[in-house]
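Naming follows writing order (A, B, C and D), and every chain is counted from residue 1.
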Amino acid sequence: MQFCIFILILPLLSFLILGLCGSKMPHKLAGTIGTVSLSVVTILAYTVAVIYFGGGRGDEGTFPTLIPYDYTWLPFAGTLSIDMGILLDPISVMMLIVISTVSLMVHIYSLGYMKGERGFQRYYAFLSLFTFSMLGLVVATNIFQMYLFWELVGVSSYLLIGFYYTSPKAIAASKKAFIVTRFADLFFLIGILIYGYYTKTFSFSVNETMLMAASSMLPLSLGLMFVGGAGKSAMFPLHIWLPDAMEGPTPVSALIHAATMVVAGVYLVARLFPLFIGYAPDVLHIIAYVGAFTALYAAVVACVQTDIKRVLAFSTISQIAFMMVALGVCTSSNPHDGGLGYMASMFHLFTHAMFKGLLFLGAGAIIHAVHSNEKSNMGGLRKYMPITHITFLIACLAIAGIPPFSGFFSKDEILAACYNFSTTMGVFMSIIAAITAFYMFRLYNLIFWGKSHYEEELAAYNAREREEKPHKPHEAPFVMTLPLIILAVISSIAGFIPFGEFISSNGESYSIHLQPAVAIASITLAVASIAIATIMYRKGDSKITIYINTHLKGFIKAAYNRFYIDELWLFITKKIIFNGISRPIAWFDRNVIDGSLDKIASMTQKLSNHVRPMQSGNIQSYNIWFLSGALLLILILIYLA
Amino acid sequence: MEETTNIIIFGILSLLMVAAAVAAVISSKIMRAATYLLFVLFGTAGIYFSLFYTFLGAAQITVYAGGIVVLFVFAILLIGKGSVDITHTSKLRYLAGLATSAAGLSLTIYLIRSTSFVTGKFSSAGVSMEKLGNTIMGTDKYNFVLTFEVLSILLLACMVGAILIARKK
Amino acid sequence: MNILNLFIFIPLSMLLALFISRNIKQIRATMVTGSTLLLALSVYLTIDFIAQRNAGVSAAQLYCDSWHWYPTLNICYSIGVDGVSVAMILLSSIIVFTGTFASWRIKPQTKEFFLWYTLLTLGVYGFFISTDLFTMFMFYETALIPMYLLIGVWGSGKKEYSAMKLTLMLMGGSAFLLMGILGIYFGSGATTMNIHEIAALGNIPVNIQYIFFPLTFIGFGVLGALFPFHTWSPDGHASAPTSVSMLHAGVLMKLGGYGCFRIAMYLLPQAANDLAWLFIILTTISVVYGALSAISQTDLKYINAYSSVSHCGLVLFALLMMTRTACTGAILQMLSHGLMTALFFAIIGMIYGRTHTRDIRKMQGLMKIMPFLAVGYVIAGFANLGLPGFSGFVAEMTIFVGAFSIDDIFHRVVTIIACTSIVITAVYILRVVGKILYGVPTDSEHLKLTDATWDERFTVICLIACVAALGIAPMWMSNLIGGDVANIISNIQP
Amino acid sequence: MTIPSEYYLILSAILFFIGIFGFFTRRNLISLLISTELMFNAVDINFAVFNAYSHTDYLEGYIFTLFGIGIAAAETAVAIAIIINVYRNMHTIHIKKLRELKH
């Protein structure tokens, strides 16, 4: 297993090479370096997985936790230190596969998507940096290493969102993403500090006595850490950065803001799952409620967005919230008894990464073809982009939860876990799953069916109503369709992976079995939602759509504006913090603190101006003062004597 | 009887001196001021005589009255017009000067009155020239040959300096 | 021959050589040779020091030497270094070395500039190697005075005002300091001025400590930008020429923290323990307040100056926590802040030299015009906001972990308040990056500007390398500092 | 018994303060010099008196007075030389108008 260090080293090297001397490289070479190193990483990741899971279970029926590397990087006092190492256990190995797969797909895809862009080398450098940090995050042996890479991930996300640095929107979005997640990281950090102080270590594996001693503070610490996770995973109300982050290049959205980085929060909770379940089950349930609310909120908002990437972004928020809910509804670490959610969450993480990556890459191909994000510029694209159409459809079916596509299996497990927790939660999540199916097929229909925007424009051009000949949509080049096809295949079959065999809440083998009632109900709901969406959006605006649009105008407007949460945050940051705190402080500093010092100085000067005439150079005045002083001194001396 | 005479003479002398001194500092004609100063200097010589320091009194008359006042007179004549009118200062400064001096004087007198000075035996024999010569030129303790020499050099330097400064360019 | 004397001797010879230099070539040759020698010497010192420590030499101070130069008051030229001072000397050498290149094209009166610059350097080195209160104070003053001329003559903007303000405030601090030093000297029985001997005596009465600890701490605190005595910093930095800003923020402000630790806290431990709460509150205010006021500034140097207030506040904050980890973090933060701010000021100076404005509202899209400097600025910004891989992260995390290990509600609360600065820092850094570097150039004048010249590139790359080295491999530095910090802490803790 | 030494001292004190008063109020360099001479005299009297009354064995006060007279002469000579020179250059010895040295 010693070779697994190369999984981290290669992307880092690639980043350094591309970052330091990329600007002088031809685009092809830069792309090749990035892609080849990532391919090697992917191969290594799969090898690690094969060896790891092939190595079989230990005596306790669990896969062993391997730590091939662990070095003290920065020692603090006592037993506290930041270590750097690699930890392999089922979830980290699974994450390695997810990250390397999606990342490789994105690397290949970007060869086509970013072709000829200014800063192509920079783009690949940042991709490598991101991959490095994300891989480092998942193999972290301790919470501090995780935090360290967590920050790096945040920065690479910042850099990639702001890749088009001449666009004001991208600048604002990148800044927002970084600051919002940084704000959440503050809580993460405090959580870590509490954890470290009470358990005397930052490691994930803490011995029982230490944990018992720290048990009163653990819920607080874990709760704070969850806030950090909520920031990265865009849980309400810290989700505001994710929709804006879509200003970045689309493959980046696929990689970072759909498949990998945004699930870091889920991964964090999963990583700390034994602690949560053992010492802070209440916090876990709070996570479930937060997740459920986020899922609903994002799903509703997704239904009315017009920018296709935003729909996908809110869909991502909603799906991640599903994973959070799945973790949150766990009541014990036994998969047969309340611990099902853990496996379901990880399973959904895996399948979601694939089909959401696919959706984003498909959306990228569409945007590439029509040069717009708005649904109004699309429509009827199925004729022009057949491969994209089919793969997109597969992904939509997967996310909607239609068997035999992968999303069905994972979502079904989540719903089952929710029903185990409480019926209310189960029903609630089922409804959200139905909304998911609805908005995905709304999107699908709007893009691929209905009136073709191109044809309308062409007609207008032919009728001499338009000067310019419209750009004809075309299928993406092979480097872009290849990843689509690969991901579509994975999305179709991933559901049959016996996931429970590899990952479960207590590490023991767990065979997935469908619960017929839940499955049938959810399939029915999904099919019904798809049908509604198809009726409403297949042929442009149908009567029902218009009816709904007119009667729910206020609600739709609010939902379109994401219920004004962004405005609220903007108000807090801009009006309260910037105008209400920062400016007064700056004013206070200049005028009160500095002003008082200046005042002291000017008063001294004034005083000295008054005193100055005494030093007129007139010896007679000197004499008077001298004599008066001498007399005074004598008087004092007499008085003292 | 002798004592009373002494005191009367001292009183007259003092009155004369004080009056002359006051006149010297308030007279508006500078020539008159110099003349009044001359009276004070003579008075001082008289004081020295009353202490039986005859040589000192003689030196006072020769050097001060004979030398310095003559210098003053020369200077005043040389300067001529510039020295005739002495404008007094502002009232405030006048009063301030008066007040400070008065305060200083009263304080000093108070101190003199309240201090009991060590009194040795007052010798009415004066100082013999021999003793004086030995003291000035002697090299023992309480003798002042070094001071004397330094003083002569100082006087020399002053002479040279005065000539240099006053010389026309 | 004690190697430490060279740190005095080399600047002195540089002064002499500069004095007889006739043209700019000779001046530059002198400066480059001198600063390279100093850098090499401090690297050697660091390596040798680590080697000695590894070999088990456990004396509190190595390379000790002492020579009476004013025996009546027991004033000695005593020198000696421990890990903390070695780290500081290394920092100074790096900054002096890069500062030389940053002021490569300074005009006019190049010779005089470098004369004062070297004198300042001399003072800084002298301060760090001395172990005698008075000698330390003397070198401290030697370092402060040239600042007045460097800013007042070669500065920009309201330079006379700033120079005067800076000098007056720092001199005011010195006055407190001198009182503090005399208090320590006489409080300990007036037998020695040597810091370690006084510490070993440990006989300063508590009521005297109560008087002189605040004096000494504030005296050094003024230089360490302690709230509310920090206002010289924005004006001073804004007016100073590039290399002087670098040296001032990079090294001189560290004199404050170092002095607080080495003299105020080390020699007056009881008062330090009892009065720490007061200064912890002040430093916490510094940390948050500096960061918040940086958000709404519009002048690049002001932003950075307030950022320095925040970061230096964190240094003093950590020192006052008086745990080994926090104090190690404080020293790391001094190093880190020194390198980062120097980098920042260097780049700001270079940008200013081209655009002739530091107003962030007047610049846009510099990434397109001067990519090297812009990337440098972004990296400096990341280092400043504590990105892993750069020194800031290491230092801040060490401080927070250390500060959090004190188990009472007051320390917890202030630590958490101080932690918020990492978010605020991100805000003001990204605000500037977004405003001036990104976007499309709007000013057509700016389009004609060129990217960095070789000397500027060299400066920036050197500093980035150092910041990254400290950030990637912090352990050797942390070990170098840690042991000796523990020595000092053990004297402070009750 | 002769005249008490205090009488002399009081006399000298009066002279001294008259001199001081003159020094404060007069505006002419020569007048200032005259006032200075008054003060000198007062001091000289004090030396002589203390010598005569308190330290009769030695002649310190006496010698001091003697030398003081000498020095006064020298000082006056130099001062008057300066005054004449000043007058020659600036055509005034009124101190309010003599401000050249200040700058």
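Throughout what follows, contacts are C-beta pairs under 8 Å (C-beta built on N, C-alpha and C of every residue); 3 or more make two chains touch, one makes a residue touch a chain.
Note that this is a predicted model, so its numbers are computed, not measured.
**Q** If you check the contacts of subunit B and subunit C, which chains show up for both?
**A** Output, common partners of subunit B and subunit C: A.
**Q** Go ahead and note the Å separation of the Cα centroids belonging to subunit A and subunit D.
**A** The mean C-alpha positions of subunit A and subunit D differ by 95 Å.
**Q** Let me have the rounded angstrom distance from the C-alpha centre of subunit B over to the C-alpha centre of subunit D, please.
**A** Centre-to-centre distance between subunit B and subunit D: 6 Å.
**Q** How big is the gap, in whole Å, between where the Cα atoms of subunit A centre and where those of subunit B centre?
**A** Roughly 101 Å separates the two chain centres.
**Q** Using the average of all C-alpha atoms in each chain as its centre, how far is it in Å between subunit C and subunit D?
**A** Computed from C-alpha means, the inter-chain centre distance equals 61 Å.
**Q** Hunt down the residues of subunit D that sit against at least two other chains at once, touch-wise.
**A** 20, 24-25
**Q** Which subunit A residues touch at least two other chains?
**A** Residues 620, 624, 627.
**Q** Using the contact rule from the top, write out all pairs of chains that touch.
**A** Inter-chain contacts occur between A-B, A-C, A-D, B-D.
**Q** Which residues of subunit D touch subunit A once you look at their complex with the stated criterion?
**A** 20, 23-25, 32, 95, 99, 101-102
**Q** Provide the residue numbers of subunit A that touch subunit D in the complex, in ascending order.
**A** 617-620, 623-624, 627
**Q** Under the definition above, what is the set of subunit B residues touching subunit D in their complex?
**A** Residue positions touching the partner: 3, 6-7, 10, 14, 17-18, 21-22, 24-26, 30, 33-34, 37, 40-41, 44, 47-48, 50-53, 56, 59-60, 63-64, 67-68, 71-72, 74-76, 78-79, 82-83, 86-89, 93-94, 96-98, 100-102, 104-105, 108-109, 112-113, 117-124, 127, 131-132, 135-136, 142, 144, 147-148, 151, 154-155, 158-159, 161-163, 165-166, 168.
**Q** Quick one: in the complex, what on subunit A touches subunit B?
**A** 620, 624, 627-628, 631, 634-635, 638
**Q** Which residues of subunit D touch subunit B once you look at their complex with the stated criterion?
**A** 1-3, 5-11, 13-22, 24-28, 30-31, 33-35, 37-38, 41, 44-45, 48-50, 52-60, 62-63, 65-67, 69-78, 80-85, 87-88, 91-94
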